[in-house]
Structure formats: structure tokens, C-alpha cells
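Here come two complexes built around chain A, the first alongside chain B, the second alongside chain C.
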Partner chain A sequence: MTPGVPLLFSAACLLGGVVCGPRRARTWLALTLAGAAGALGAALLVLGGAPDWEWRHGFAVGGETLHFRLDGLSALFLALLGLVAGTGAIYAQEYWPEAHYPASAPGGRSWWCGLVLGMGLVLVSANGLHFLIAWELFTVCAFFLITLDRQRREVRKAGWLYLAASHAGTVCLFAFFATLAARTGSWEIGPLRGRLDCAPLFWLALAGFGVKAGLFPLHIWLPAAHAGAPSHVSAILSAVAVKMGVYGLIRFSGWLPAPAAAGWVVTGLGAVSALFGIAFALAQNDLKRLLAYCTVENVGIILTGLGAAMLGAAHGDAPWGRLALAGALLHVWNHGAVKALLFFGAGSVLHATGTREMSRLGGLWRAMPWTASLFALGAVAIAGLPPLNGFVSEWLVCLGLFDAATRPGPSAWAATPAAMVLAVAGALALATFAKAAAIVFLGAARTRSAEHAHECGALMRGPMLALAALCLALGLAPVWFWPAIARAAGAWNPAWAGREPPAPLAILGPLQGMLALLAVAAAAGLWWKSRANGWRRGLTWDCGYAHPSARMQYTSGSFAGIAAGWFGWLLRPERRIRRPRGPLPAAASWMERVPETVLERVLGPAGRALLRLSSAARRLQHGRVQAYILYVVAGLLAVGTLVLLGGMP
Partner chain B sequence: MTLILDLLPRFALWFVLAPLLPGIINKVKAWVAGRRGPPVLQLYYDLARLWRKGVVLSTLASPGFVFGPAVAWVAVMGAALLLPLGPAGGAPGFRGDMLVLIYLLALARFGTAWAAMETGSAFEGMGVAREVSYAVLAEAALITAMLALCVQTGSTSLAAMLAPAAGADAALLAAGLFVVLLAENCRVPFDDPNTHLELTMIHEVMVLDHSGPPLAVILHGASVKLLLFALLLTEAVLPVGKLAPGVAAAALAGGVLAVTVGAGLVESLLARLAFRRVPLLLTTAFLLCLFALLMAWKGGA
Partner chain C sequence: MNETTNLLIGIAMGLNLLALGSSRLPTLILAMSAQGVVLGLMPLLIVEPPDWRVLLVAVATVAGKGLVIPHLLRRAMRTAHIDREVEPFIGFVPSLLLGAGGTIAAVAVARTLPLLPEHSGSLLVPGSLASVLTGFVLLIGRAKAISQVCGYLILENGIYLFGLLLIHSTPLLVESGILLDVTVGVFIIGIIVDRIQRAFDSLDTRKLTALRE
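This part shows the complex of A and B:
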């Protein structure tokens, strides 16, 4: 079967979903699931070995005839889109039901289909103009989904910030596609590896797609939007929408000849994003903001891999470049699956307790065992620990970097620091997710709402289980997924096509499986032994303190204190401290907030300074004719003086 | 099958020999202080006793309280089995296994951290926060040391990296790795295994609430980790891979003994550092490894 059939079916279903979304919830769900399945099926067909799908039609949109193409690279992203679109739609049934949100749920359904349709079109468009139209479509749909809960002020603010930042990026993309079309004489996009004159355009693409991808320091919109949006929307934003920017970067770094410095810059930006993203994540006290900053980190890892691949391609298609690219591509899937799982888990916590503030939670494992264990699995995976999937892709990227570092040559100078930064980022990610999972789910409940939490229902649990199963499969049997990755890598650089997996990957799979098996066996064995020896429950020992209370536990802020302190120069936490004073101290308090530094300390002041300058300039315009005449005379005199002095011909 | 036959004796070796090291350190400390000290085999007795004892669980703890130590132990054991023993051969040596080793140690850290956070005790929270934070710097130093070895040998598999002797940078690398060993295993000057003041501890405070078999598993895992770092340091410096099997085994044993005695001497002669100095020392270790890396680069060019 040609992939076109499921694709057209999927598009028709999604269009139907847009139309019937507001009225018929059940029909909408069926259509969305069918659409997601169609997209997934088409992508899997191509990744499984079907030839690239190409389709032209004389029908013109905006003066350009239709031209669609689905190759290995776009299929890789399309599969992720289908997966998250389907699971998210099921999740939303329980998370954002019409009974609780009569005003926003119906519209939300239509926007969901619009978003999925827009992203799908971005992936299959082979025409620059249609790419831009689809890009705008999904950007706008995402705006309405982010602001579903628009009664809250912070959500409206986050939505506007997202819209403004996205359009700043879109401006760059307009310039990029228009210049490309002007140079090549056609809006069609495709491999242009020989057109060396197009190389500088890569910088425009980097800026435009970098905003969407959340590359540091262009990530300013990301934390607020992810935190404010409903959780199923956060999941698709982080797992797929952000990846559209990554897709653009991978796509056009493969199709266009890259400037000589591009590999260096992308590696460097990726490493910086990874390190700073995770440093910000560690310091957050809001669970969803923490996950959002972690997205910045993971995009950084992907782009480090891409940068190394570009360096490898520039140095005679070195094999280590292929490893790094494979790692980056696999990380797109891994991060997509894990982050959707984690946002679903965070949504489940929010659903049950009504707060995202980690220091108000705690001890949730008792009430929510499913959510707790699935979130823990996601935490292990995203921290890049074996035997789960995050490790496989990080390992491939790191292996590529290490291989590059051991070969003499200029690429070693980029690869060595990048490998060190990724190692530090990995250790910080461990700290971040040990904190997130432990503060939220372990210990004692810190507030009443955490005490009265309840487990989520089957419709929220099912999608999480499916994603967790995928994470396990990706981790334990990476070789199964290798043909798909190899296909996508071949679409990026034909010299790296070839289906055989790199030798170490074939060993890693069984090794991970063995590790998982042994871990489960050891856990079961220790459990059995402890029970056989006899156990009794008692108060936490706490060095003999007889009345430990939930408020005495370590909080999210105190947990992160040491490592976040090292990044104080970057994070600039705002503290409001009231210390206890005197022999009978009054109430004391300590409040700490980590601002979005780039937005609040750089862009904000710069914007305000610009506004001040502008309003100062407005004083010149006051309507007094005498003064205007004075301006003219002064101007004339100045020009005259210049001429007299011979400054001008 | 052959793989399992190869792994089993090595597993047994690690399993049996590891608890010896803390005993040696304690003996050295006692000797320096002029005491008789506990027997060298004390940890074996402790482990055997703990394994038979019952367990007290915190009312707050979930099953993860028991699963965490088990996972951590498996991870440390896995990392140990990845380490080649000179001519005795490495297990499934493959490209990039040194990254697997580092990440397995990270998994072990996650397991113990998870178990410690189960109790909701502020002391344990404090210990975990310190453990995961200092690990950031220790991991940077460790990966830099690995990079130096990789650059030196042009390989990314442990068996090839650790076979030849370290070059001119051996002293730098040894010093850096020794500091990492002290930090990762929570020895003086980073942590004091003998202290009884909870506010000043890292590792000990994380296991305050553990008892019985889970505590035995944690203590055994910690001793395996100590042996792992001592062996890594020895193999990084000595040309173990170039020696005859008998000589290599003697060299490994001697090296591990020297490192262990060194740790004991450090413990006897130094005081624990103030916590705000800890990052400084770890950064120094990182710099030592970085200079080793630069020297390796210079040597290769």
C-alpha cells in the first residue's frame, strides 16, 4: 500500500474532527484516533521500507500547485505526531471534560485537530509557501490551545508571549523561504546540496526554527506556555510542537549546504541549551515549569548530536557523525515519548490536587500508585539512566562525540567540551528528576489537598501506560527501531544510508535487557527476604525525634539549593526573607522565585529602555509651529555647515 | 553460555573481595592512631548479621524503599563486571562501555537517593541533596579522566583504554581519580564514615532509616563501588594489559592495596572539609583531569 492512502484518510478524519469537534465529542474522538492512526500507519510504512511518497496535483493554493512528500526524516516526526495526538486525545477525555470546562472543552477539541493537521502538513509539505501556511496554522492553533483556560491572567500572558515569540521566529522563516525561492526560482523545496550560494541562509533557518525549538536563549516563551497550558496540550507542545523546530533544523541542514561554521555553532548552542536548560529546571518549584525547562535541555542534546553530525559530514562523512546523528534522531522519539508521559503524569497530579507547586505536594504514591510508578519510570528514562530509552540515545550522541574527540583534527576541539557539558547536564538531570519525583510522590503529604489526592481514571492511565511501554521497548530493544533511524539518517545524508546497526548498539540491547531483568529479580528477592525476616512499621527514625511533621521535610528549594547556588549568576533567584529576630520572634518567612532570566533580566529591560527612548523622542512632536520652524532652520544650518566644511560633495 | 561462564567467577570475585576494603581502611586508621581496631573482616560479620535481621520500615515508605537499594546494587555490580581485570579479560568489552559504566553508577545513585527520600526525613533529604549535587562535579572529573584515557589510546572501550600505562600525565590522572574516589565513596575529606552527627554526613545520613537486608545490600554495594574505583585508578596508571597474567593479578592487588591504604592514611591525617570547600576540591580534581587530558592531546599531536 502506498503511504498516500492512510495519509489522505488521516487528513480527511482530522478535517472532520475540526468540523464536528465543538458538537459531537464521541465522533470527534473516533475521528481523531483514526487520523492519528492513519498518520502513524503512513509513517511506519515509509520507515518500514516503502519508497518515499511523493504526490503532485495541479490544484493551486496561493498560486502554487500542491506538492507533498513523505521521506524517512519526515516520517520519523510524523510517527511521533500520530502517537502523541492519539494518546493526548484519549487523555483529554478525562482531563479536560466538557462537564468541568463547558466553555473551553468544545473549542479545544477542534483546535486539537487543527494543530495535528497543521503539524502534519508542515511535515509533508514540499513547497516553501505551503510550509509557511501550515506553520502558521499550527502556531495559531497552539495559541488557542495554550489559552484554553484563559480566565487566568497568567495563561493569557503566556499565550501572548508564545504568539509574539513564535511570530518573531516566523519572520525569519518568511525571509528564509522567500530568499530561497528567489535564489532557486521556485518555491519547491528539496535537496539543494550543490547550491553553495544558499549556504548562508542556514543562519536565518537557525534563528527561525530555533525559536520554535526552544534553543537557549530563544526559549523565553517555552516555560510559561508549557506551565499554563492544560497538560495534554503541554504534552503535545513539548513532545511534538517543539520538535517541529528541530525538524526544520535537521531538514534544512540536510538539504542545504551548511556554512563552514554551522556545525560548530549548532554543537555549541546545543551544549549551552542542555546545560542551562537543566540548570533552570533544577531550580524550579513548579512541576510543569521544571518539565518545560527540561525540554530545553533535551532539545540541546538533540542539537548537540546534529551539530556533531554536521561536523562529521563536513569532515568526509566520518562514521562518528552518523552515530551522533542517529543518537539525535532517536532522542527525538525518546524525548517525545518520555516527555508526553511525564506531562501526563504531572497533569494527573494537578488533576488530583489542584496544584503544580511541588512544595505543597508529597506522599502521593499512596493515593496514586499508578501515576507515581509511571512518573518514576519516566524520570529514570529522561535522566538518561540505563536500562531505559533515554540512555540509548544519549549514549549514541556521547559515543559520537567521544569518537570525534579521539580522532586528531579540529572537530575534536568541538566534541571534547561538548561531551563534558553533556556529562554535567546528565548529572544535573539526575538531580532534577530525583527531586521532582521524590518531593512530589514520596515522604509525607505537605498539605491537605495532597492528603486527599485520588488516582486518575482509566482514560488518563491508559495513555500513560502505552507511552511507558514504548519507553521500555525503545530502551530494551533499540535494534528493532534501528531501521527507522537509519532510514531517516539516510534522508539527511545519503552517504550514511544503510540499514546495519552500529556494532555496539547490538550489544547494548541485550545488556539493557539483562540489567532490567536482574534489577527486577534483585528487587523481588530483596522484598521477599525482608518479608521473610519479618518487618514492622514504625515512625521515621529521624535521629530519635518523636514528632516529625510533614513540614520538616526537605522541600524542592532546599533540595536544589546546593547545585542551583553554583548557577546563581545565571538564575538570579529573587528572595524575600523575613528572619526570626529577638527572644520572642514573630512569624518568619522565606520566599524564593527563579525568574525567566533571559526574559525578565535582558529582554524586559531592553524593551522598557526602547519604550523610554521612544516616549522621549515623542516630546519633540508637540504641535507648536514655531518650534517646528526652528527644527527646519536648525536642520538647514547643519546641512549648510557640512557642505561649507567640505564634508560632502 | 560462555559469557555466563566467564562472568560467574568474576562476579564471585567481586562479591567476595569487595567488603575487604573498608576493613583495610579501618585497620590503617587504627594503626595510625595506635589502636588495635576492628578485625579486617568486620564488614563480613556485619553483613551476615544484617542479612538475618528483621526490618523496620518507616510508616511513610513505599515499596521503593526496598527496591531502590536492590536496583542500586545491581547497577554497581553491573558496572563492576564491565571493568576489565587486565589479562583476566573484560566481560563483553565493546565501544562505549566506559559510558555505560558511568551511567550505571548514576543509576545506583538514583536508586539510593530514591530510597532515602522515601522516609520524608529532613536529614535524609539533606544527604540526598548533597550526594546528587557533588556528583555533578565528580562526574565532570570522571568523564574528563575517561576522555584523557580515550585520547591517549584512541579507543573508547575500557579494555583498550586501561591496558597500557598512562603516559606523562599519570600523576595528574591518578591524583584526580583519587579525589573522585574519595568523593564518590564518601570518605574523608568529603564525608566522615565514622561521624555520628547527622548534619555533617552524606552517605551515612542517606541510610539512617535502613535496616536488615536492605542495609546489608547498601553496605555491600558501597564496598563494591570502592573496589571499583580503586581498580579503575590502578588500571589507569599501571600497564596491566601488557603484563603476564600472574604479574598483572599481583600488580592489581598491590595497586588496590596501595590505594586503600592511601585512603586510610588520608582519613587518619586529614579532617573533614567544611561543606562550602567541597566544590573547590572537586573542581581541583576536575582541573587535574583536564590537564591530564590536555597533556594526552599534546602527546598525541
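This part shows the complex of A and C:
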């Protein structure tokens, strides 16, 4: 079967979903699931070995005839899209039901289908103009999904910030595609590896796609949007929408010749994003904001791999570049699956307690064992611990970097620091997720709402279970997924098209399996032993007190205090302290808030300065005719002087 | 011929200073119209022998600038009940200094311009530049609409003077067209002045700032 059939079916179903979303919830669910399954099926067909699908039709949209293409690289992202679109749709049934949100739930269903359709079109478009149209479609749909809960001021603010930042990026993309079309004479996009004059356009693409991907200084929209959106939307944003930026970067770094410095810059930006992203994540007190910053980190890891691959391709298609690229591509899947799982878990906590503040949660594992264990699994996976999937891809990227570092040549100078930064980021990620899981699920409930939490229902648990199973499979048997990765890597650089898995990956699978067995055996042994000795239940942090209270526990701030202190120069936390004084002290308090440094300390002041300048310039327009004539005379005199001084022969 | 034209241009430059220094509207109008008459006579001196078309233009210019336009302005002044004070933004002494400095600068600049040899000895170019500058000083430095019209007309005189350089090659139709334009322009401004007076109870252009967005 050609992949076109399921793709067409999927598009039809999603269009149907857009139309019937507001009225018929069940039909919408069936159509969305069918659409997601169609996309997933088409992607798996291509990844499984079917030839690239290409389809042209004379019908013109915006003056350009239709041209679609599904190759290994776009199929990789399409599979992720299908997966998250389907699981998110099921999750939303319970998480954002019509009964609780009569105003926003019906619209949300239509926007969901629009978002999925838009992203799918981005992936299959082989025409720059249609790519831009699809890009805009999905950006706008995502805006309406982020602002589903738009009664809240912070959500509206986050939505506007997202829209503004996205469009700043889209401007770069318009410039990129228009210049590309002007140079090649056609809007068609495809492999142009020989056109060396198009190489500088890569910088435009880096800026445009970098905003969407959340590269470190361009990530300003990401935390607020992910935190304010409903959790199923945060999941698809983080797992797929952000990956559209990554897709664009991988796509066009593969199709266009890259400038000589591009590999270095992408590696550097990736490493910086990874380190700073996780440093911010560590300091967050809001569970979903923490996950959002963690997305910045993981995009950084993917781009470090991509940068190393670009360096490798520039140095005679070195095999270490292939390893790093494979790691980056696999991390796209891994991060997509894990982050969707974690956002679903965070949504489940939010659903049960009504708050995202970690300092108001605690002790949830007793009331929500499913959510707690699935979140813990996701935390282990995203922290890059074996035997789960996060380890596999990060390890591949690091292996590529290690290989590059040991070879003579200039790329060692990029690879060595990048590998070191990734190692530090991995350690911080472990600290971050130890904090997130421990503060939310262990210890005692810090507030009443956390005490009365309840487990989520089957419709929310099911998607999480499916994603967790996928994480396990990706971790324990990475070789199964290798053909897909090899296909995508081949689409990026035809020189790396081989199907045989690299040796490290082949031995990694059995090792991970053994490690998993060992962990299960150790857990079983521990359980058996503690059962034999009798249970003694206590709080997680009773600190040796006989009757500890919930307020004696670590807070999220104190848990991460030391590690966050190392990054004080970057995070610049704002503290308000009232110390106890005197023999009978009044109430004391300690409040700490981590600002959005880039937004509040750089962009905010710059924007205000610009506004002040503009209002100062506006004073020139005051309505006095005489002064206007003076402007004209001054201008004339200036021009005359210029002519007299410079223009006279 | 050259001495006579230079004399007339000198008179015009003197009238510029009079216009800048006068504190009463009638004097300003008088200075402006006298300048128009003086300049209107110039084509007769430049084109030798004067044919009937040059004569026609000269007569029309003298009649337009010397009689019609001042008459229109005086009538507007009368019907709109305008005070006769000029109300300067830039005081009279600074205006005069600006005008004098501008005249000296005009003479200096005209020396550096690449002129035809037959124009190099005449005051045509400095006179025209000085009139344009005077017009601008009046436009910028006076509050009342009527005095601004006078400034505009002096500026136009400067441009007219510059146009005389090309009198041999410019069709007289163009000259007469410009003259007609100016007359109609002043006519319309006379009407507008009346309207502004009715709407704002004043002719002070400073009050027009209320019209900005």
C-alpha cells in the first residue's frame, strides 16, 4: 500500500474532526483517533521500508501547484505527531470535559484537529509557500489551544507572548523561503546540496525555527505557554509543536549546504540551551514550568547532536557524525514520548489538586499510585538513567561527541566542551526530576487540597500507560527502532544511509534488559525483605523527629537550593525575607521567585527603552505648523550642505 | 542692464529686511507687494528688446503681486477683524539678524555655485536665495496666518527670481501659469483665513494644534 492512502484518509478524518468537533464529542474522538492512526500508519510504512511518497497535483493554492513528499525524516516526526495526537485526544476526554468547561471544550476539540492537520501539512509540504501556510495554520491553532482557559489573565498573557514570539520567528521564515525561492527560481523545496550560494540562508532558518524550537535565548514564549495551557495541549506543544522547529532545522540543514561555521554554532547553542534550560528547570517551583524548561534542555541535547552531525558531515562524512545524528533523531522520539507522559502526569496532579505549585503538593503517591509510578518512570527516563529510553539517545549523542573528541582535528575543540556540558546537564536533570518527583509525590501533604487528591480515571491513565510502555520498549530494545532512525538519517545525508545498527547500539539493548531485570529483582528482594521484617511507615523526611509536621519537610526551593545557587548569576532569584527578631518574634517569612531572566531582565527593559524613545519622538509631532516648516528647512539645508560638501565635482 | 537689475535686486533684498523687521501687518503686506512690483519689472530689463509677451507677463506680475494679492489680503484682514500686530515667535531683532546672516550666506554660497559666466556678476542668485530664506524665517517665526501668507509670497518671489535665470529658455506660459497659481492660492488662503477666524475666534495658528490627532 502506498503511504498516500492512509495520509489522505487521515487528512479527511481530521477535516471532519474540525467540522464536527464543536457539536459531537464522540464522533470527534473517533475521527481524531482514525486521523492519528492514519498518520502513524503512513509514517510507519515509510519508516518500515516503503519508498518515499511523492505526490503532485495541478490544483493551485496561492498560485503554486500542490506537491507533497513523505520521506524518512518527515515520517519520523509524523509518527510522533500521530502518537501524541491520539493519546492527547483520549486524555482530553477526561481532563477537559464538556461538563466542566462548557465554553472552551467544544472549540478546543476543533482547534486540536486543526493543530494536528497543520503540523502534518508542515511535515509533508514540498513547497515553500504551502509550508508557510501550514506553519501559520498550526501556530494560530496552537494559540487558541493555549488560551482555552482565557478567563485567566496569565493565560491570555502567555498566549499573546507565544503569538508575538512565533510571528517574530515566522518573519525570519518568510525571509528564508522568499530568498530561497528568489535564488532557485521556484518555491519547490528539496535537496539543494550543490547550491553553495544558498548556504548563508541557514542563519535565517536557524533564527526562525529556533524560536519555535525554544533555543535558549529565543525560548521566552515557552515556559509561560506550557504552564498556562491545559495539560494535553502542553503535551502536544512540548512533544510535537516544539519539534516542528527542530524538524525545520534538521530538514534544511540536510537539504541546503551549511555555512562552515554552522556546525559549531548549532553545537554551541545546543549545549548552552541544554545547560541553561535545565538550570532554570531546577529552580522552578511550578511543576509545569519545570517541565517546560526541561523541554528547552532536551531541544538543546537534540541540537548538540545535530551540530555534531553537521561537523561530521563537513569533515568527510565521519562515522561519529552519524552516531550523533542517530542520537538526536532518536531523542526526538524519546523526548516526545516521555514529555507527553510527564505532562499528562502533571495534568493528572493538577486535575486532582487544582494547583501546579509544588510547595502546595506532597504525599500524593498514596492517593495516586498510578500517576506517581508513571511520573516516576518518566522522570527516570528523562533524567537519562538506564535502562530507559532517555539514556539510549543521550548516550548515542555523547558517544558521537566522545569519538569526535578523540580524533585529531578541529571538531575535537567543539566536541569536548559539548560533551562536558551535556554531562553536567544530565546530572542537573537528575537533580531536577528527583526534586519534582520527591516534592510532589513523597513526604506528607502540604495543603488540604493535596490531602484530598484522587487518582485519575481510565481515560487519563490509558494514554499514560501507552506512552510509558513505548518508553520501556524504546529503552529495552532500541535495535527494533533502528531501521526507522537509519532511514531518517539517510534522508538527512545519503552517505549515512546504511541499515546496519552501529555496534554500541547492538550491545546496549541486552545490557539495558539485564539492568532492568536486576532492578526488578532488587526491588522484589527489598519488598520481600521488608515484608518479612514488618512495615514501618514514616514520612519521607521525618529528620529524626518523633512527630514531624508537614511544614518541616523540604520545600521545592530548599531541595534545589544548593544546585540553584551555582547558577545564581543566571537565575537572579528575587527574595523577600522577614527574619524572626527579638525574644517574641512576629511571623517570619521567606519568599523566593525565579524570574524569566531573558524576558524580564533583557527584553523587558529593552522594550521599555524603545517605548520611551518612541514617545519622545512622538513629541516632534505637535501640530505647530511653524515647527513643521522648520523641519523641512532643516532637512533642505542638510541636503544642500551634503551636496555642496560631497556632491560637487 | 546689469547695474539696473542689480539695483532692483538690491532694493528687493532691502525689502526682505523690512518685511522681517516690521511689527505691523500692513507694513509687511506693503513690503511684500513692493517686492513683487520690483521683481515684476525685471523681465523687461533682462530680455532685450522686450517683445509683447514679456510685456504682458510683466504687467500681469505687477498687477497680480502689486495690486490683486495685497488687496485680497487686506480684505481678508478687514473682514476677519485681525489685530494689526504681527506676533512673532522669533523676535524682530533675531529675525533681522537671521535675515542679514542669510543674505551674507547667500552671497557666499552663490560664489561657490557653478553659474554661467553671464550670471556670475549679477545678484540674481544671492537675491533669490536671500528671499527664500526670508520667506522661511517668516513662515517659521510668525504666529498669524496672514503673516505666514506674506512669508510664503516672499519665498515665491525668491523662486521667481531664480526662474529669471532661465527666462530665455522657459516658455512664458509657464511663468504666467505660476503667477496664476499664486494668485489663486492667496485667494483660497483668504477664504480659509476667514473660516479659521470663525471656527477658532482667532487667526493664531498655534491654536490649530487642537486639530492634531
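Observations on the structure shown:
The rule is simple: the second predicted complex is superposed on the first by the 616 of 649 C-alpha atoms of A that agree within 3 Å, B and C clash if a C-alpha of one lies under 4 Å from a C-alpha of the other, contacts with A are read in each partner's own complex, and residues count from 1 in each chain.
As a working rule, a residue touches a chain if its C-beta (ideal position, glycine included) is under 8 Å from a C-beta of that chain, and two chains touch if they have at least 3 such contacts.
Quick caveat, the model's predicted, so the values are computed rather than measured.
Once chain A of one complex is fitted onto chain A of the other, the partner contacts of A:Gly107 are absent, as it touches neither chain B nor chain C. Residue contacts after overlaying the shared chain place A:Arg624 against chain C, while chain B stays out of touching range. Of the two partner chains placed by the overlay, neither chain B nor chain C lies in contact with A:Pro595. Shared-chain residue A:Leu511: touches chain B; no touch with chain C.
In the superposition on chain A, A:Gly525 makes contact with chain B only, while chain C stays out of contact range. With both complexes placed on chain A, chain A has more residues touched by B than by the other of chain B and chain C. Once the two complexes are overlaid on the shared chain, A:Pro573 sits clear of chain B and of chain C alike.
Using the contact criterion defined above for the overlaid structures, shared-chain residue A:Pro319 touches neither chain B nor chain C, since it reaches no partner.
Within the superposed three-chain model, A:Gly4 lies out of touch with both chain B and chain C [touch as defined at top]. Residues 621-627, 629-630, 633, 644, 648 of chain A are the ones touching chain C in the complex. Residues 51-60, 62-64, 66-67, 69-71, 73-75, 78, 92, 94-97, 99-100, 102-104, 106-107, 109-110, 113-114, 117-126, 128-130, 132-136, 139-140, 142-144, 147, 150-151, 154-156, 198, 208-209, 212-214, 217, 279, 293, 297, 300-301 of chain B are the ones that touch chain A when the two sit in their complex.
Taken together, the chain A residues at the contact with chain B in this complex read 362-363, 365-366, 369, 372, 376, 380, 383-386, 391, 395, 398-399, 402-403, 405-408, 412, 416, 419-420, 423-424, 426-428, 430-431, 434-435, 437-439, 442-444, 503-504, 507-508, 511, 515, 518-519, 522-523, 525-527, 529-530, 533-543, 548, 550, 552-554, 558-563, 566.
Residue ranges of chain C in contact with chain A, taken from their complex: 89, 109, 112, 114, 136, 139-143, 148, 205-206, 208-212.
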